[in-house]
Amino acid sequence: MTLERRSRIVDEVEAATRVKDGMCLSIGGHIMSSHAMALVRRIIRQGTRNLTVVGAASAGLEVDLLIGAGCVRKVVAPYVGAEALAPIGPFYKAAAERGEIETWECDEGMYYTALRAAALRLPFLPTLAGLGTSLPEVNPDLKVFADPLTGRPLVAVPPLQPDVALIHAAYADPYGNVQFVGSGMGDRAHHRAATVTIVTVERVVPNEEIRRNPIATALWNVDMVVRAPYGSHPFQSPGFYLHDEAHLEEYLAAARAAVGGDRGLFDKYLERYIFGPANHAEYLQTVGFPRILSLHEV
Amino acid sequence: MTLERRSRIVDEVEAATRVKDGMCLSIGGHIMSSHAMALVRRIIRQGTRNLTVVGAASAGLEVDLLIGAGCVRKVVAPYVGAEALAPIGPFYKAAAERGEIETWECDEGMYYTALRAAALRLPFLPTLAGLGTSLPEVNPDLKVFADPLTGRPLVAVPPLQPDVALIHAAYADPYGNVQFVGSGMGDRAHHRAATVTIVTVERVVPNEEIRRNPIATALWNVDMVVRAPYGSHPFQSPGFYLHDEAHLEEYLAAARAAVGGDRGLFDKYLERYIFGPANHAEYLQTVGFPRILSLHEV
Amino acid sequence: MDYTTKELIAAFIARDLHDGENIVVGANLPVPRAGVLLAHLHHGPNMTIGLSATQTSLLKEPVLQPFKYNRDFRAARWAESYMLHHETFDSPKLISDVFFVGGIQIDRFGNSNLIGVGRDYRRLRFRGPGAIGTTTMTVYTKRYYLYLNSHDPRVLVERCDFVTAFGWGAGGADARTRLGLPGGGPKYCITPLCVFDFEEEDKRMRLKSVHPGVTVEQVLARTGFKPVVPAKVGETEPPTAEEIAILRQRVDVEGVLRS
Amino acid sequence: MDYTTKELIAAFIARDLHDGENIVVGANLPVPRAGVLLAHLHHGPNMTIGLSATQTSLLKEPVLQPFKYNRDFRAARWAESYMLHHETFDSPKLISDVFFVGGIQIDRFGNSNLIGVGRDYRRLRFRGPGAIGTTTMTVYTKRYYLYLNSHDPRVLVERCDFVTAFGWGAGGADARTRLGLPGGGPKYCITPLCVFDFEEEDKRMRLKSVHPGVTVEQVLARTGFKPVVPAKVGETEPPTAEEIAILRQRVDVEGVLRS
């Protein structure tokens, strides 16, 4: 018997081509943590347009960057910002106020309810959240209805199915078994709902290493594994490195100027970090080892 | 500062008194594995009656034993049996055929849907399962209804809330942090739905040991922790010991005779293993070290 | 080549399973279990095998140990990941692509019954073990196989007293889509005598092949309904020497399929 | 005893939290964070502290490090268990007993708005960050606290342009039970000037106490609606020396609450 398991490892350049114009794209992580940035940058570079972006339950500036780069038609995210650095993403705020993007308004609980409905192939799931609020008004996909057993009011949440889920994790073996350092936030919900899952990891590990702690395997059978050390930069990656605040401030200054009417700085940002570097390794080279290694683990 | 955390450790005798006549009691584990038998035996010994027993998604002979001992009014379980040893529990089969117990018919998917509805404090959750089947007829709590968004038929499953959940696990610290060897089957769903959770464990470990692998902590803030080595006997406990087939055969022979009209063997079984021993340690003494130590781990 | 009916069926099942599929293996049905493992070792290196609440690949195991019970924790030794049981049905990515369903009754449209036999649910003549996970699994799996250990007219009935897993309902290729069920429904019904498939239009059970040595008449005499019988009914294809070698040397060393 | 308004508020919050409660601590609201940790170290040895997607007890930590961001993984070093974020809302046993909710608008019935300001949702004058988890959390938590970093008539408004967290709706003690919401609703609204509670019958916001040095008139001048003002409005009780000692020596060593 010499049957061999097929490796699911691809590079970020090839993986990103799986994301096409008009798709629904989810991006895992949580605010300042664990976004598959090597793929997000590549998607901008390849010029993908009209995306529906399902950000993390609380999304960070990766969604803002995609909006600023002109890739986004619609955003699903209960929050887009950078906490104390920026209470709301500059491009997100401006594009929403100007009606340049559509927003699917929900909170985190409703958001996971919608992903779960998709995973279960259900036309809706009910929730108590949203009763008495403006959410069913500003999001007409949410409907108040009477529970068929008791007649009580509930909110019906329709399914939200990403075509592609992008996730950043700590480890994967070549066969699509993925482990996080820590909880993995809400990334399991993305994987379960999405048609295709692409995972970037800090380290590819042998299958034997996965088997040493199988209870830590959070996702299995993911479609593609991309080796991308520092792949969440400028955001943190649990157990590996912290956020690059200086880089995020550089981004925010460029973004704020752009929404104020001067795109010069932002165009330079895009050129320097996204259109210039040929791939993820070149991106890291541009950021530079001194900066990268300054993002300590503890 | 000399604040101290309160220990949640109690013995099985005290813990079982939390279960009162007429309550809804869930029992974790799965078929031949991981039932909190030290508590089940104690509940029989203290003479609790009219229980609604929510067995595991697939329940084993622990539910059958409770029926045989006269503690049960109603059973919720998609399966009650012992696989190849007994395709169906003898007391369960006889009591259901004779109308001596009520059965809340469902399958495993609907069962978890009902527990989830309870955990979420929702009056119902929808499922595709059961459409076109007899389940909504034989279980009038299940209702076919039209999805409020698309008009498609769905089955509404009402909540199922245990008053007390009994769970058997590998380890817990004194503060209610519980870890399994392996998956813990569906026990998290029981804990989330139930008002009170009591966990028997093979070993109580220091809090520091829990902190060494916190991703393995499956339940936290459980209400009581009971130290019960071999507490799942005669069923297996993952990582510790296998099922005691001889004991289960002894039980089955007694149960089969009892449903056939001769309760002698079963009365002896109850006396020997449940009414005789004063506590769990005395039960183990009755079973005996040679038998217990023959239930190897690998 | 000498082989038993159980080995024949295991090989038949194995050939219908595809590389890359995600398939859970129970302990209670040793023949389907052997079929899945044979497929995995024969032509399915990228199959994900669900075993005792874990997922894994068993390619590198020279010999697969049999286990008597579903949750025997010794079978978790090869785990690559664990399945929390309450999450089993949370996504098609977690759910087995393929499933095997037994029945105390199976009707001519592939509906199955695990509740009991009788007219009145409150006074069953024979109480069955319960639906287990079959109601939900058969909603979602890409396809499933009805599997019987004995071919009996009291089991293969015109109409089930109760239905726990919806097959093709009262018939018709759209029986499932009309209800909005995403799964593909029952594909075959496999018994010790034969294999049935389902007629394309009205989804009545149809005799697909008889096992070597079995006649069509024997099947009809032991079947409680009248299946569609094509003009020409072939024989179930015997296992190859390679399949038998894998079965006996790696999958079923204890010879459960030879007993 | 010298103390800042932030320390005063932290102590006020701490006194309202009970031993045994399960409370998640955000990073973005340093004053409520300090209040929760003060309660834990002062009188809550059995509190479960939710921190950076973990649950833990911090009793044995002599000094608690501050963290700027919610998911800073360094705060997971004390983990006893992890919370998968998509399971946060799956059970009251997972959900924080208590929650803190901000708002770009908060109205006189304690409803809050994080969506935006304007009449037309498609053309907001000011787009807010979004509801985060507040819509669902406030459905379930035993009680919650509205918390504002500034006391401003444009924030404390007669009526929110949009509501993301339902407080007491259009008023009435049964406003929440009529909708079937299991949680206890907003208990206090805490600002740099004062603490509001809610009148028992119609649940209008009522001035409960002004912080030392603040007058009722100052509060009214900075509030965009007319709260209920009792004949006698007391002062928010200052922190004790012990509370200040815990805050400065263990909870807030960097002095965020003193800046």
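Order as written gives the chain letters A, B, C and D; numbering starts at 1 within each chain.
The rule we apply is simple: contacts are C-beta pairs under 8 Å (C-beta built on N, C-alpha and C of every residue); 3 or more make two chains touch, one makes a residue touch a chain.
Computed from a predicted structure; not experimentally measured.
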What are the chains that chain A and chain C both touch? B
Pick the pair with more C-beta contacts: B-D or B-C? B-C
Geometric centre distance via CA averages, chain D-chain B, whole Å: 39
Give, as an integer number of Å, the spacing between the C-alpha centres of chain D and chain C. 56
Counting only Cα atoms for the centres, state how far chain B is from chain C in Å. 29
For chain C, give me the residues that contact two or more of the other chains. 54, 76, 82, 89, 140, 180, 182
Scan chain B for residues touching two or more other chains and write them down. 116, 120-121, 123, 127-128, 152, 182-183, 215
Building nodes from the protein chains and edges from chain pairs that touch, which of line, ring, star, complete or other describes the result? other
Quick one: which chain pairs are touching? A-B, A-C, A-D, B-C, B-D
Chain C touches which residues of chain B in the complex? 30-34, 57-58, 77-81, 83-84, 87-88, 92-93, 96-97, 99, 105-110, 112, 115-116, 127-135, 137-138, 152-153, 181-186, 188-189, 236, 238-239, 242-243, 298
Please give the residue numbers of chain C that touch chain B in the complex, ascending. 27-28, 53-54, 68-74, 76, 82-86, 88-89, 111, 113, 115-116, 121-137, 139-140, 162-166, 169, 175, 179-182
Parts of chain B lying in touch with chain D, wherever the complex brings them together: 1, 3-6, 116, 119-121, 123, 173, 175, 177, 191-193, 207, 210-211, 214-215, 217, 220-221
Which chain D residues qualify as touching chain B in the complex? 22, 41, 43-46, 48, 54-55, 57, 59, 76, 78-82, 89-94, 140, 180, 182, 246
What part of chain B is in contact with chain A in the complex they form? 120-128, 143, 145, 147-150, 152, 154, 156, 158, 182-183, 215-216
